[in-house]
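Look for subunit A in each of the two complexes below; its partner is subunit B in the first and subunit C in the second.
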Partner chain A sequence: MVRLYAVVAAGGFRRHATYRAATAAGVFTNTVFGFIVAYAYTALWDVRPQLGGYDKPEALTYVWLGQALLMTCAMLGGGFEEELSERIRTGDIAVDLYRPADLQLWWLSGDLGRAAFHLLGRGVVPMALGALAFELALPASPWTWLAFLVSVLLGVVVSFALRFLVALSAFWLMDGAGAMQMAMLAGMFFSGMLLPLTLFPGLLGEVARALPWSSLLQVPADVLLGKRTGWDLAGAYAFQAGWAVALLGAGRLLQSAATRRVVVQGG
Partner chain B sequence: MDSDFIELDGVEKVFDVRRRTGFLRRERREVRAVDGISFRVPRGEMVGYIGPNGAGKSTTIKMLTGILTPSGGRLRVAGIDPARERTRLAHRIGVVFGQRTTLWWDLPLRDSYRLMHRMYRIPDRRFRENLDRCVELLDLGALLEVPVRQLSLGQRMRGDIAAALLHDPEVLYLDEPTIGLDVVSKAKVRGFLRDLNAERSTTVLLTTHDLTDIEQLCRRVMVIDHGRLVYDGALAKLHEVGESERTLVVDLERELPPVTLASDLSVRVVKVEGPRQWLAFPASVSAAPLVARLAADYPLVDLSVREPDIEAVIAKMYASDPAL
Partner chain C sequence: MEAGAGRRAGEPEPAAWSRPGFDDRSRLLEGVRAYGLIVAMWMRSTMAYRASFVMTTLGNFVVTAFDFVTIMLMFAHVDALGGYTLPEIALLYGTSATAFGLSDLLFGSVDRLGRRVRDGTLDTLLVRPVPVLAQVAADRFALRRLGRITQGLLVLGYALATLDIAWTPLRVVMLPLMVLSGAAIFGAVFVAGAAFQFFAQDASEVQNAFTYGGTTVLQYPPTIFAKELVRGVTFVVPLAFVSWLPALYVLGRDYPLELPEWVAFLPPVVAGLCWLLAGLAWRTGLRAYRSTGS
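Moving on, here comes the complex of A and B:
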């Protein structure tokens, strides 16, 4: 069992690793955007230091982290969900369903493999370039980095669980494009990709920080910046793990409903 | 058990189709994709399952794999109810959907086989033996390290067939395994299936549009139309039942009125175009006496015989069956 899903995860890693030119282009894009957003943040924090509880190096670290995790946590989508919803639309899902394997675990394994590749292939270089060009607030302690990686792993699982729900909606909608677009907008704003969620006042801020998308960037970033330590770190993990379990459970329910009513499209 | 390896008793599949007829009004319509089918397939038999598009072939196969639940009737494969124990059954069956692939698109063929190894928990030795055998017989040696997206259709199909057989399935469902393949690839696939059936007595259920597949592989053929089994028997008899006709195309020296031959030869002229004439005669009758008579009575330049194709045979069968 475990070996099967390990092979699937390894496959997910290698599938993305085969496209080297795409990876290089992606790194370039992330870096360019990193610079643009970093200068915008610099202007903002010069006027309003300590905005959202971050000083300027922390805010710039947040920017580069956002670029580094953009693909890993698939904040704007771009993992497996187009593929899965396309398979549902064309009926290729039939092939996945007759296999002696669990659909959700199968795609989760593949997505974890993909995320691992994207962390190395799309994350490390922009982060390093950002650190060279700007003064960042990177932690010295390896424990903080380790705590951060755990939080990223949980973030990837939450991200997967959300996108799995979106992809399965294709069973009912027949075309997942609309649902995916909405998920992308929600991901862009509520993950904290545009601006840290700590900036938003009042109810909007409260709600944004409580939604699952904050697990994708806001929470891992705060762990890396040392804002969450001790029991607060345990609370951050519990928040992410709670959303992961709840959303994976919802995915399972949707999956069994979908396979029961399955009308496999086409011949 | 061995004589009823695959068992269907009055199996039905009804889809509910909703259609918008007005701003809010919807019309519900029942589509009976499979409408009470019963048959038995003994272990080790190779059966052709044919019918026009939309007849219910793929729906039947999907029920046999367990990914669709029948709306009615009883269905067993190797004693297992597919819909209820899909995963247990999956270890004992192999499936090839000709128009879909189970292989990893971006990765070399070998990676997909490694996945099958783990997925079906195939013992290492068995896996190696089966892979070596498939590689040899399906000529995959040079393709193992090639990403699947770079394979030709025929190569990919052979790759898919190998993937379906690594876990020694007792039954193999093939849905259009030769669709879109060239003559050489088709011959290769057919030869492999014949050997597989002979050596391992794997039960094979084959849907196809290509009559040659059936002729070369299956003694028994089942014809389905509108979700019902309209014929189940030997292929040779299908031509009789369908009153199928072969066509003799004759080129005469010059333009002549339609050919007339002695009445004991049941032949009729279908078409005349200049010096060329098309003559239809029953598929069960030998062409030799007909050709001899033609050559004796007419100034013959050239001739050719055209075999009936499956679509025409089946179409004629429906037309001649008042129950349909």
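Moving on, here comes the complex of A and C:
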């Protein structure tokens, strides 16, 4: 059974690895945006060094990490939910439900494969170019990198769980576009993609840091920058894993509610 | 009324060949008219789902507003960015966002060209008696992009209400001039990017770097960027003429590069040049197009 999901994950990886020109184009765009935001952050941190608890190299690392993880953690959505909600809309979902595999695990495996490809294909090059052009605060210790990768993995699972909920909403809404757009807005704002969540003022900042989206960028970034070590690191993992479990659980509930009422279109 | 207009568009143009130069102009008019018809059709189709239209327009408004929210969050911590105050940046932002919003509304759909080349549906457009560019630009016309224009205009309104500008007639004229020429410059970038997709169908994201990336650059003052980037945005992809140069003239501030003051009045000329080049690129791409044949 584990082998099946490994094969699905490998398929997800290969599927996205097929589009080489699109990957190159994406890397180019990520890099251009990385430069733009890096200059904006430089201007900001020149006036206020130590803003949000980061010095300038740390802030710039945050910028390039955001570009590197944008696709990996699917902060703006995408990856599979459009396809899944389309299958729900057209009724193809009935075929999926007949398969001797769990619906949620099936799509999770595929998405993990996709994320692995995006981390390598869309993440490494912008990060390397950013490190060439700017002074970044990348950790020297391999353990910090390992800790970071674990945090990214948890972030991808949280991201998947959120997008799975969004896709399943198509059972009730038929057209998933509205829900996907809402999810995109939330992801963009609360992941820390616009600005580190530590810069969000007062209550807004506290709420933003407690929401699941902070698992996608803010938490992995803090792990990479060495802001969370020891018990604090365990706390970060617990935060991400807690949201992952809660949201995956919600997905299962929604899935069983949906499959009980599913009426396949087309007779 | 629509049916009548459709019939007229299909009629042959008498005497179109009789005078040199007239052919080009009539083709342009024909293209504009066809564009209008296709856009009207998509608008009717959009309005069939009114709630969906309202929601997606609102979404478009919010997404684009996040750019300005980011700047406001930055200004929660500082009084000036690159030596510019929030209202000054709002003027840069409002003018470039409105200009970009207009061109995104009118030409943004051209970035679907690569998809049409890939799945072979471009061939359908080629056999219709309407200029291909007009069809591609009007394809799936997205009225929801009014959200971005509204957002840009609101920020522009905030800037004009809070800034203390020494208005002269030239400065007043400059505002509509820069927004319209800026929209034209961005439109040329969209078309050039679409032409590139004839050769690289999967590379539509490269275009985003120049269009969405370009408007993001223009939202910040030129002083925060490296000189090389400012030179590139001035002389290579002349986006500086969308808002930086004319807006700094309105604000009475110096451009980081040594340029004479009259350069601020060049946006319409630059827009014309950009369209000339984009048109050439488009023709080259269209001529080079080979259908998948499958």
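Operating definition for what follows: the second predicted complex is superposed on the first by the 266 of 267 C-alpha atoms of A that agree within 3 Å, B and C clash if a C-alpha of one lies under 4 Å from a C-alpha of the other, contacts with A are read in each partner's own complex, and residues count from 1 in each chain.
Simple rule for what comes next: a contact is a pair of C-beta atoms (placed from the backbone, for glycine too) under 8 Å apart; a residue touches a chain by one contact, two chains touch by 3 or more.
What you are looking at is a predicted structure, and each value in this text was computed from that prediction instead of being measured.
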item: Superposed partners subunit B and subunit C on subunit A - clash or fit; value: fit
item: Inter-chain angle, subunit B to subunit C through the CA centre of subunit A, in degrees rounded to a multiple of 10; value: 90
item: First (subunit B), second (subunit C), both or neither touched by A:Phe189; value: second
item: Contacts of A:Val8 with subunit B and subunit C, given as first, second, both or neither; value: first
item: Touched partner set for A:Ala25, first subunit B, second subunit C, both or neither; value: second
item: Touched subunit A residues, subunit B compared with subunit C; value: C
item: Subunit B versus subunit C as contact partner of A:Pro201, first or second or both or neither; value: second
item: Minimum distance between Cα atoms of subunit B and subunit C in the superposition (Å); value: 9
item: Residues of subunit A contacting subunit B in one complex and subunit C in the other; value: 19
item: Residue ranges of subunit B touching subunit A (in the complex, touch as defined); value: 15, 53, 58, 62, 65-69, 86-88, 90-91, 93, 95, 97, 99-102, 104-107, 111, 114-115, 118-120, 147, 175-176
item: Subunit A to subunit B touching residues, read off their complex; value: 3-4, 6-8, 11, 14-15, 18-19, 91-92, 94-95, 97-101, 259-260, 262-264, 267
item: Subunit A residues touching subunit C - in the complex, by the definition given at the top; value: 19-22, 24-26, 28-29, 32-33, 35-36, 39-40, 42-44, 47-48, 51, 175, 177-178, 181-182, 184-185, 188-189, 194-195, 199-201
item: Residues of subunit C touching subunit A in the complex; value: 52, 55-56, 59, 62-63, 66, 69-70, 73-74, 76-78, 80-82, 200-206, 208-209, 213, 216-217, 220, 223-226, 229
